[in-house]
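In structure tokens below, several structures.
In the two assemblies presented below, subunit A is common to both, partnered first by subunit B and then by subunit C.
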Partner chain A sequence: MTKTLTIALMDPPYETETTTTAFRLIDAALRKGHKVNVFAYEGAVNLTMADQAPHPNPVKGTSAEEEDHPTTKDWVAAMFQAYPGKLDWVNCGLCVDERGAGNVIEGAQRGAPKQFAEWSEASDATLVIPAK
Partner chain B sequence: MGKYLLIETRDPFDSSDVQRSYDLAGGLADEKNDVTVFLVQNGVLPTRKASAAADAVTQLCSKATVLADDFSLRERGIQKGELVKGVKPTSIDDLVDLVADDGRKVIWH
Partner chain C sequence: MAKKVLSIVESAYRATVEEQDDTILWMNHILKNAGLDITLVLRSNAVNYAVKGQDASGLTFGKLKVSHPPKLDKDLESLLEAGVPVYYVREDAEERGIPQKQLIDGIKAVSAKELPSMLDGFDSIWHW
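Let's look at the complex of A and B:
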């Protein structure tokens, strides 16, 4: 049975393993046919920053292409592409302004915590993933 | 009877909060609630029999359903044979089912 899940994220990219787990969870829920709402709060608004770029590894002398590190904006973009219409992603507007993170990938939107409250009320389940 | 899912991401040697989380799970189970603990990330480290925290996990298994994320186990090189009796390796798909389960309260730590 298809359900609607709302998930709040707070961790910034490249900081903790929690981001990977959250992405795995979101992807698995979408793969099962569920609708997923993500409210990105605090540092999590940086997950969808369009300006992210992979980097080379000067210690090993490898190029960015050889390193092939995924960026979080590419992970989120891949989920938008793989599950059209099933993923809604809203970044907290005040958090975006504080961090200068307004240039986001297509699909990510700007909103306010009110959105999270409305989503939670309308969802079958809500999961808050706090920062450590 | 309530239904609870506690998602534990931390190792007891990283955070002393973890024992509180186990105690919460045990307490809810003692009150006849349906309790599942999903261990993920470094939360799977105490599932090894060799861990000094294994006794706490064994005690937890006697009260609640204890699942361990197979991806996190694989990342840390933990084999099924190393696990404390009662811990069940499972996939992230099962975590989705638990989160989506009607009426189940979910706590992430």
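Let's look at the complex of A and C:
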């Protein structure tokens, strides 16, 4: 039976292992056919920034192509593509404004904590993954 | 003469899958290449970086595979090859049940008791 899960994220990209763990949970739920709502709060609004770019690695001497460095926006985009209609992603608008993070990938929406409240009311479970 | 820097890495596994490495090990390698005299100490959870044969492969989001998972043991070996002495705090490994034989070759143990006198041999101590 399909369930709806709402997840609040706070961590920015490239800082903690939390983001990878959260993405694994999101992908696992979507893979099983569940619906997932993500409310990105504070630094997590940077996860979907469209201007993220892979870079070379001067320690290993690899080019950007050889390094094939992941970006969180590509991970989110891959989940939008693989599970159409199953993932909703809202970035906190005030958090976006204070970071100048308004240029986001297709599918990520601008919203407010009110959206998180409404999703929580309508979801089977809500998981908060805060920054530490 | 280059300043002697002791770089102590304590916080481990910070975005290592996203970065495909540990950003602090990476920066220490860059700083060594830039001419700094760096020595590395792994303590607390970071002692696990020295365990041989770690495998973080197989992760996929949607249909997008993570093509280059982190290889932290190999990154430490690369630091050793670059001339960076690498130590780990013996008690921190023992508390975690990590025996010496599971660690990469070339890494040296330092006991918690020996660590304060070790600090005296450096101009700067950086605690990450």
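Throughout what follows, the second predicted complex is superposed on the first by the 132 of 132 C-alpha atoms of A that agree within 3 Å, B and C clash if a C-alpha of one lies under 4 Å from a C-alpha of the other, contacts with A are read in each partner's own complex, and residues count from 1 in each chain.
Quick note on the criterion: a contact is a pair of C-beta atoms (placed from the backbone, for glycine too) under 8 Å apart; a residue touches a chain by one contact, two chains touch by 3 or more.
Note that the structure is predicted; figures quoted are calculated from it, not measured.
Of the two partner chains placed around the shared chain by superposition, subunit C is the only one that A:His69 touches, whereas subunit B remains out of contact. In the superposed pair of complexes, A:His55 makes contact with neither subunit B nor subunit C. Counting the residues of subunit A that each partner touches, subunit B and subunit C differ, and the larger count belongs to C. Once the two complexes are laid over each other on the shared chain, residue contacts for A:Tyr83 go to subunit C alone; subunit B is not touched. By the touch criterion defined above, A:Glu17 lies against subunit B and subunit C together after alignment on the C-alpha atoms of chain A. Of the two partner chains placed around the shared chain by superposition, subunit B is the only one that A:Asp124 touches, whereas subunit C remains out of contact. In the superposition on chain A, contact of A:Leu25 is made with subunit B only, not with subunit C. Across the two superposed structures, the residue set of subunit A contacted by subunit B and also by subunit C is 17, 24. Residues 13-21, 23, 26, 29-30, 33, 59-64, 66-68, 78 of subunit C are the ones that touch subunit A when the two sit in their complex. Chain contact summary for the complex, subunit A toward subunit C: residues 13-17, 19-20, 23-24, 27, 57-59, 67-70, 72, 74-75, 78-83.
Across the complex, subunit A is touched by residues 9, 40-42, 69, 71, 91-93, 95-97, 99-102, 104, 106, 108 of subunit B.
Only residues 3, 5, 17-18, 21, 24-25, 28-29, 31-32, 34, 124-130 of subunit A touch subunit B when the two sit together in their complex.
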